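Working notes, beginning with the structure itself.
The letters A, B, C and D name the chains in turn, as written, and every chain counts its residues from 1.
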Amino acid sequence: MAGNIFGRNLTLTTFGESHGKAIGGILDGLPAGLGIDFDFINGELARRRPGQSKLVSSRNEPDQVEFLSGLKDGISLGTPIAFMVRNKDFRPEDYKSIENTYRPSHADYTWDAKYGIRDASGGGRSSARETLSRVVGGAIAKLFLNKVGITMTAFVNRIGSIYLQEEYSCYDLNSTENSEVRCPDNKTSEKMISLITETGEKGDTLGGEITCIIKNLPPGLGEPVFNKLNADLGHAILGINAVKGFDIGSGFKSSEMYGSELNDEFYFADGRIRTKTNNSGGIQGGISNGEDIYFRAAFKPVASIMLDQETVDKSGQKSIINPKGRHDVCVVPRAVPIVEAMAALVLADHLIQNSSSKLENFL
Amino acid sequence: MAGNIFGRNLTLTTFGESHGKAIGGILDGLPAGLGIDFDFINGELARRRPGQSKLVSSRNEPDQVEFLSGLKDGISLGTPIAFMVRNKDFRPEDYKSIENTYRPSHADYTWDAKYGIRDASGGGRSSARETLSRVVGGAIAKLFLNKVGITMTAFVNRIGSIYLQEEYSCYDLNSTENSEVRCPDNKTSEKMISLITETGEKGDTLGGEITCIIKNLPPGLGEPVFNKLNADLGHAILGINAVKGFDIGSGFKSSEMYGSELNDEFYFADGRIRTKTNNSGGIQGGISNGEDIYFRAAFKPVASIMLDQETVDKSGQKSIINPKGRHDVCVVPRAVPIVEAMAALVLADHLIQNSSSKLENFL
Amino acid sequence: MAGNIFGRNLTLTTFGESHGKAIGGILDGLPAGLGIDFDFINGELARRRPGQSKLVSSRNEPDQVEFLSGLKDGISLGTPIAFMVRNKDFRPEDYKSIENTYRPSHADYTWDAKYGIRDASGGGRSSARETLSRVVGGAIAKLFLNKVGITMTAFVNRIGSIYLQEEYSCYDLNSTENSEVRCPDNKTSEKMISLITETGEKGDTLGGEITCIIKNLPPGLGEPVFNKLNADLGHAILGINAVKGFDIGSGFKSSEMYGSELNDEFYFADGRIRTKTNNSGGIQGGISNGEDIYFRAAFKPVASIMLDQETVDKSGQKSIINPKGRHDVCVVPRAVPIVEAMAALVLADHLIQNSSSKLENFL
Amino acid sequence: MAGNIFGRNLTLTTFGESHGKAIGGILDGLPAGLGIDFDFINGELARRRPGQSKLVSSRNEPDQVEFLSGLKDGISLGTPIAFMVRNKDFRPEDYKSIENTYRPSHADYTWDAKYGIRDASGGGRSSARETLSRVVGGAIAKLFLNKVGITMTAFVNRIGSIYLQEEYSCYDLNSTENSEVRCPDNKTSEKMISLITETGEKGDTLGGEITCIIKNLPPGLGEPVFNKLNADLGHAILGINAVKGFDIGSGFKSSEMYGSELNDEFYFADGRIRTKTNNSGGIQGGISNGEDIYFRAAFKPVASIMLDQETVDKSGQKSIINPKGRHDVCVVPRAVPIVEAMAALVLADHLIQNSSSKLENFL
């Protein structure tokens, strides 16, 4: 199976090259009877859109999503929901220079190695534009999750050397969207903006980190052994362009700690079993325990820098590259809704999966 | 689909509770005609085995693997290779005390929440003993990969506060197995051993990190979009018990770097396209580029500490727990072959997948 | 996994309700480098189209397929090929009467039972219009198969009581498409046409049978045990609307024969192993043997008859139904390209699967 | 994915060669909390066992199934249930003669073509002994189905030229197991036995047909489009050795009938919607409607006849074969529990799948 189908129970199959006719997808396996809030979906797309501020690329993408099937009067039918967005803002001439030249740390060379053919224009299918389909699918998954009370929110906790010093619980996550860089702390946000501006002036680029928090997940989601909830979240997030790292709960820091520091003691309150601390990040043995899930994704800097770089062309001849296309200095703020979308798809998939874990569900 | 089948083209389906009759698995999709080196498989199992040194738990597991099918005179038939290991060393009385009490940061509570029933003895299927099946499957995948020249090796780069300071290329990885803690640096190795001994005397436990290096992978492996090679590796590694983080190439550090620092410039040498640096970790756009793949896995400390901890029982009543079973202070050295095994399964799966990427492969 | 993804290696994911905005699909897993002959695809669609003759329904469907992705200058990129056809000829008023009334032997009641909601207009997703996506996907699969020499052709061997008396080898299958009912024998063809005309005048409908022949398949395709080539062909064909039976090779007749009559003796000729007879239908033990594959599909008559029928509405109240929409007397001739398409998808899937059956393919 | 995993939600992965160490399987995805009746499973195995009567082969297979995992005190844990049966009755010398010679209408040649290697002894994995694992998995699926009231029963309706003349409702299906040939009609049963005896004396073999009836299935099971309930049943049954045809409801006869004869009118009775007739065989639009499902499977005669047959060896040299092993004249009666088992696996899979069809199931 090629890699364009995501999920096992709720599947998102996506298509589209950056400068092809359209991009889109098919969401299959959504239960029938869900009301689809199109404004919400459009809002999610707007969050992902380039050109939201002066900090990001100015490509004018209206990203008007058209739903082609699976709905009747805005209610899900239980049949596949297909959607697409027409690509409008082609400037293929921008990419002519790189058709035969491999941009450093881009996917140009590896796609040629794999397929022997490549749609260079706009990065083809390796373009970040592909994530638009994920945001649409993820938005619908969110609507489903919201029906059972599950919510999720992500924010930027680092850009380059600037990062949030405290745990997520110290910030008002409702303020995230007020920040141009989607960082819930005002001062950090301003420093990040300054860093992005300076870096852009040098023609360079920046990476960063995103933290995502999932609340109100019932205990019991996640398939032990290979498809642990953390493993499936990792798979989803590491499949986003430019993500180089993923950790969950106390994550990489766990490896430096003692068991006695890290263990989450149980207690009973408000009619349910809780943990006093949450180093586990809401997942134990691959299964949700009802506490907040929180995880972190590390994004490398955008590969397209406005500086001379050495490379080779298809024939192996040395070449100097200095891209002239439209490029972001830092895409991490725009990746926030993408991270949420992928997490939503994973959780919805596991919510469906878990409905058959016990015989009593069938009686 | 429940979570006990791993892979898409080469599938490993595993079974078994820690103190049940047996554990094992079925490897399906292996090409016919591969010679199976049983000594190699047993060697891999020996690397994983408890009781290898005074540092780890003393459970006496002969772990004699029996192959039940799929082979003729030691050659793979193309049919499923089933294998199993009988469980012999039961001490169910060790676990009676915890049958109704939830051990902090173990999977006891979440399994009960999910299934409403649990085999408490020895941790049941959530026991690390389950990884034995992964090592057998992974060993066979290694034999397949070796046939096309692909090799992999992992080592411990951190235990608690002690870690390797240099890049992997600075160490002689052939010396890893000489170290009781599977760390390729003698001095660091000794410090790690001291730390483990001290920590064990306090009844506490330690986590750590493992680095894995894959060499000689041809360019072109990995399915772009959702099943990127890095995403599938992350899924595989995050599905190992106690893993809380995964990063690849320059990983989490990427988020602090500038694009100009991170980008890997291309050059041509020895008839093929190479990169001068390898911050990408051998994968670009989700597809291998022929350079070394290297990734890191973060393991939390063993949850079973020999200290009093507060918890609750099934009914929510407060309880104090102080486990008396056999437990390791630090399992990270034993996890080295498990990390390699999971990586091998992913690579073999993608090697098979990639055989159909181009029309010319069919002509 | 819901039922809108077909195949394991080459996957066709389809979407669309009959009177929704569009229907279409995504073909994923096609090797890169295949030239796509759009005229051929349009030709296949034309073969399926209603209104080809006076014998079938007069709905005017231009069925203009638009390709949205996965191609560059008509060559497959190895990325998903998405396509769609806009629905244009809505007459929702035709279906108002049946929104709350269950048409006998239609899918109205069962869809309501399953989903609690249904797009009644035009039959929604249960409409035969859904097969349009199969024909597009199948046409591309045919182009792939043709590259390795595999061809397939289907024809009508029965309509109601009129049927072909001889084996397929007795007819010139190239003449099939000259027949309005896709029967390769002129006289039988004429009788079928008469029967259809008579039956239509009575307001009644007819079923029939289709035979499909696959030639030049190499030996070795098919996965023994559960995914035998015959089992996968059966799954594909039985998933077409109105198909109630499938048999292969000597099929149902086999059950009446002696082993000594049925067995296909081997001989050697032209450098390869052949069978003298072909009762096996080109498949032994679930794997192709290089001889012709031939199978038969039985179609029930169209459920929409122009006669009064008793039924009930959603509330269980008795009702009389006499549909007024556009309906075929017999859809079997139009189903010929659909049968071929589904067979092509199965064979292409197995061709890809089989490329990893032997170690030598990797060396 | 190779062909040894059956199902999507409830998966049965099987292994084993006829004369290897063992055969068995892993059933994954069964809900936790199901009581396993081992006597029932052994009873199902006994129904399948060779040597039940003088009519079938005398191989002495105790078929003692051992459960290795997934159960605690006889209750399913929600984890994989692994099981195996040791192979004991090897007579490899019986098969030496055929190691290099291709038996007509067996899988010898095609397996060699596919894999380049074959375990000739006892037919290896292509042996009917493989179905033992299906019967164990299917027996557990039956236990699950029975909990929600679904039952199934199959019987032999034809052996060679002898067949039942009436619909299934005319026979007392409870008497099936009293018949040595599993035919519920005494007189027909006797004729079948005579025919088998005569045919065996001539060294020849016989095929036949099995009918399977499923009762009390709730409406709503089956995934429209590709995974229709009938398509999945067909896939399951056509994957049984020697099956050459499958039809459902009025099946192949439908193609000869008029729509007005075939349509099943709806009525309301006992609080639910019913059909007056049941030509649909309990499935409309691929989804169950609550009426009886009934289908038919056609088995070809056993390929191993005790008569001289021409064939070739691996090198293409002509050879005469006359097998001396233990062979049945007619395996159809023994296939009855296998047909039921495969149907049970399909229904259990769809029962699980259907639990997520509507949003209301999650609220």
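Convention: a contact is a pair of C-beta atoms (placed from the backbone, for glycine too) under 8 Å apart; a residue touches a chain by one contact, two chains touch by 3 or more.
In this text the structure is predicted, and so the values were computed from the model without any measurement.
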What chain is the most remote from chain C, judged by the mean position of CA atoms in each chain? B
If you tally contacting C-beta pairs, which pair wins, A-D or C-D? C-D
Where does the A-C interface recur among A-B, B-D or B-C, taking recurrence as more than half of the contact pairs being identical by residue number? B-D
Chain A and chain D have mean C-alpha positions lying a whole-number Å distance apart equal to 45
Chain-centre distance (mean CA atoms) for chain C and chain D, in whole Å, is 26
Two or more other chains in contact with one residue: find those residues in chain A. 1-2, 4-5, 8-9, 14, 29, 32-33, 78-79, 114-116, 125, 224, 357-358, 360
Using the touch rule from the top, collect the residues of chain B that touch chain C in their complex. 1, 9, 29, 31-34, 76, 78-79, 144, 147-148, 224, 351-352, 355-363
The residues of chain C that touch chain D in their complex are 1-6, 8-9, 14, 102, 104-107, 109-111, 113-116, 125-126, 130, 158, 160-161, 199, 204-209, 219-228, 230-236, 238-239, 241, 243-252, 254-260, 262-268, 273, 275-276, 279-281, 283-290, 298-305, 307, 309-312, 316-318, 353-354, 357-358, 360
Of all residues in chain B, which touch chain D in the complex? 1-2, 4-5, 8-9, 11, 13-17, 20-26, 28-29, 32-33, 66-70, 72, 75, 77-82, 84, 114-119, 124-125
